[in-house]
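Here it is: the structure, laid out below.
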Amino acid sequence: MNALEITNLTFSYPEQPVLDHVNITIRPGERVGLIGPNGAGKTTLFHSVCGVLKPSDGDIQLFGDSVKAGKFHPKVGLVFQYPDDQIFSPTVYDDIAFGPRNMGLTDSEVEAHVHEAMSLTGIGELAERAPHHLSGGQKRMVAIAGIKAMRPELIIYDEPSANLDMRSRRRLINFIQESDETVLLSSHDLEMVVEICDRVILLDEGKIIADGDTYEIMGDKELMEAHGLEKPHSLVYHIKGKHSHDDEFVPAEHIHGDHVH
Amino acid sequence: MNALEITNLTFSYPEQPVLDHVNITIRPGERVGLIGPNGAGKTTLFHSVCGVLKPSDGDIQLFGDSVKAGKFHPKVGLVFQYPDDQIFSPTVYDDIAFGPRNMGLTDSEVEAHVHEAMSLTGIGELAERAPHHLSGGQKRMVAIAGIKAMRPELIIYDEPSANLDMRSRRRLINFIQESDETVLLSSHDLEMVVEICDRVILLDEGKIIADGDTYEIMGDKELMEAHGLEKPHSLVYHIKGKHSHDDEFVPAEHIHGDHVH
Amino acid sequence: MHIPDGLIPATVAIGGYAVAGALTAYSIKRINQSDNAQEQIPKVALLTAAFFITSLIHIPIPPTSIHPLLSGLMGALLGWFAMPAILIGLLLQAMIFGHGGITTLGINAVILGVPAILAHLAFQSFSGKQKLFSQDEDGKKQITRRLQIAGFLAGAIGVGLSVLMFYGFIIFTIPADIIDPAAERRATLILSLSHLPLLLVEGALTAMLVSYLSRVKPELLRGLSEARA
Amino acid sequence: MKQELDAYAHLDSPLHRWENRYKIAGLFLLAFAFAFVEDVRLLPALVVITAVLFWLSNLPFSFLSGRLKIPGLILFGIVVSLPFLSGSTVLASLGPISIKQEGVMAALIIAVRFVCIITLSLLIFSTDTLVNTLKGMIGLRMPPILADMVLLTYRYIFDLSASFRTTQTAVRLRGFQNNKLSGGKLNTLAALMGNLIVRSYEQSERVYKAMILRGYGMTDANPAALTSTLTDKLWLAAILLLAIGLVSAQLFLNL
């Protein structure tokens, strides 16, 4: 059974088409990066998968169940681009407990879910804090904990590293790398995609342009630039002809290995 | 005469000290990057330079004039981190004209300033649009145009590339590289700092840790990591001992030269 | 423009709670009847927060400065939702600023809420809302003018009625064996008239705000309680 | 809006320990009983009850006096005029101006009621965090729509306040001076306010999406339970007795 199976997904706003016959299959445990310029349709795709937007056409299967717009699908969790939109309760604890409470769990189950999510994301000591007193990095982790507490099997991250400083970004990357769920992630921070995902899907103007190995797609300078992206510095080839590697495809990361992981 | 001369700048909030005896001198025409983790005091420093915050101690000279808190200093322009905080007029034109109008210029001068700013930032065709409906990249350029229209001699950019896709980010980098004013810029996007600035100041916990050549400071892995930063991939050294370069300091950028400028 | 605790007789304060409670209950009933009641909750909540914050702005009228009341604007934008929004705004004000107002919360909600609802009705009937979103240029100008007038009326009605009610409640509840009724009426009138500049400023401000919103986010002017699917 | 909220929420006192629903209901009714008092002879009772409760709460006096300042000024204007305006029994006169006994009495009653009720409201709102106080109010059967709204409003007031301040700073840095009203300046203020209103509206749409994605309104939610003890109830009973006593005394004096 696939984690996610999107068939011919099409979505239009009255003024403009956004997604055009999109097909994606993701297996359980995969970590897939969705890249593409502003307005490509990444967020729209995510919202369709979660059932907040009703597609004009096409079918979405989530772990074998069909996604219906307007229904609650606790198997998928979406981490929003701006944590402030997502942390809507007045305290961190209440916010993380929001999902579990709506799932109709008992008080002790709710508590267990919340504590697990807080310890996974390392925000245990923030429980009583008000969201507006958190730093950007803490907010991001609280938002993730709010999703984790529902124990979804697929987590979608929309631009998770936006506005984070290096330290928080590094913590986030490590966190996602170590998590068990299937992950679908969009980001303009391509270096992060390189580190987290082994598979990348390139979306532009609502169409899937490429779908495959991260190094292969992101290493393809022409492809990337044709869609307003840039090849990440970590994948910049070793200089050609000057050394022994010649035409070999060797991302800088693999050769040098002196940067932090 | 220096563009900016900060002497012993100290600033505290009631609960905590933020800036601690900061000294910075910037010559006209320099493009300086200010880097440091979240909460280092970058925004506080910028606000002090613009006269929004009143320092507890120290002196700030802007092109020879002393900066007084609460006064209007048209020689310096601050581009805010979130364009939405800065753009508030119902049309793009009105927004860009806001500063010039407040400077007491005549109608025709205002118009000249606005047109110049719009053509420099490449947003001429947006004049009548509501800023609100623009894309992130367009909003950023409108915010910059609003500052440019006042013709400041020093422009401060606070996290200008946040939330931009690659294309808009590239346009922004080119734009800043080609601009004439003195530039002071903070960013967590260190690759952008590498491309724009030849000089970098590292700030942490309100103190200046390092001030000097971009490659030297950002190439210093230990220094960077000690302050929660990471050495940019573009500065990852060529592998040691394996090839002829050995211990030489050669940023990847200089060797490979196959990425976009 | 808040009646402080302890000033008016308890019976009036209790009456204020009764009226505010009834109006709020009626608003909530109307809200519950609409198909998208749930969707409106965050909208009204965040708009209430925005009104709360923006009403703290200083409008300089030398030698002093004033805060806008915004009851007219709330009526124009929120319709019947204005009543719960005002109640929440007043409650949070009492909690955050700690200047009291708990026994007079009801009467203060009436003083702001009733004018807000009347402002809503006036705004609706004067704005010619059905045409608000038509596209042709000439029509647009006319509509903008009408909107501005409607906005001015909403703002002015909001402030005007609130001021009248405010002084009315204060002066007519001054403890017994007091000044003669004619003096009371005169005092009310004079105090209210002295607020005429406020009424003009708030009217103009509301007109400008409405015209801003019509350009930037016209759907905000459709009125939340009317937004039935 | 840079207030030190919740500054004294974590002190320990009988009032801090009192369960919020009982505390709110009890002190609220007591405040109404205070408002009911119209006889000078009952004022000492108000003062003593208030003083004892305040003393029990461990809140610093400076906190109270700070909070009394602004509303006190407004009330001062009204109270000061009363001795001159109302009543017929002249106490003292200076030319055309005379101070009347009824007016002085009325002013005294109003001022004492005011100070005592504000102190009670401080006890309601400042002996626990505002969030917990709100939850206590919600626990007193607030309609669900109102309950959800008040929590959301409270959550976002601080964010929006910060955004509004930043926008005002940005405007000042572009030469705007908020002095001397003019049409143009009012228009700028309107645009600033409109900007915040539009942003809050758009954010509310994103917030709503985030809420339904976490099951808002989709199932029978299981709200967090509030619990109370016998002590909570005894406190409520004691306060209610005081309130009833005051009201009865006033009614008796009216006869």
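Labels for the chains are A, B, C and D, by order of writing; each one numbers its residues from 1.
One rule holds in what follows: contacts are C-beta pairs under 8 Å (C-beta built on N, C-alpha and C of every residue); 3 or more make two chains touch, one makes a residue touch a chain.
Every value quoted in this text rests on a predicted model; they were computed, and no experiment measured them.
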| item | value |
| --- | --- |
| Pair exhibiting more inter-chain C-beta contacts, C-D or B-D | C-D |
| Between chain C and chain D, centroid-to-centroid distance (C-alpha), Å | 20 |
| CA centroid of chain B to CA centroid of chain C, Å | 43 |
| Contacts with 2+ other chains: residues of chain D | 134, 151-152, 154, 156, 191-192, 194, 198-199, 203, 207, 211, 216 |
| Where chain B touches two or more other chains at once, by residue number | 90, 132 |
| Residues within chain C bordering two or more other chains | 42, 212, 216-217 |
| Category of the chain touch graph - line, ring, star, complete, other | other |
| All chain pairs that touch each other | A-B, A-D, B-C, B-D, C-D |
| Sites on chain D touched by chain A in the complex | 131, 134, 151-152, 154-156, 158-159, 162, 203, 206-207, 209-216, 218-225 |
| Sites on chain D touched by chain C in the complex | 1, 3, 5, 28, 31-32, 34-36, 38, 67, 70-71, 74-75, 78, 82, 85-88, 102, 106, 109-118, 120-122, 124-126, 130, 133-134, 137, 143, 145-146, 148-154, 156-157, 160-161, 164, 178-181, 183, 185-187, 189-194, 196-205, 207-208, 211, 216-217 |
| Residue ranges of chain B touching chain D (in the complex, touch as defined) | 47, 50, 52, 72, 74, 77-78, 80, 82, 84-90, 98-99, 102-103, 132, 146-147, 150 |
| Touching residues (chain side chain B, partner chain A) in the complex | 37-39, 135-137, 159, 162-170, 188, 190-191, 221, 225, 228-234, 236-239, 243, 252-253, 255-256, 258-260 |
| Chain D-facing residues of chain C, complex | 4-10, 13-14, 24-25, 28, 31-32, 37-39, 41-54, 56-62, 77, 84-85, 87-89, 91-92, 94-103, 170, 174-175, 177-179, 201, 204-205, 208-209, 212-213, 216-217, 220 |
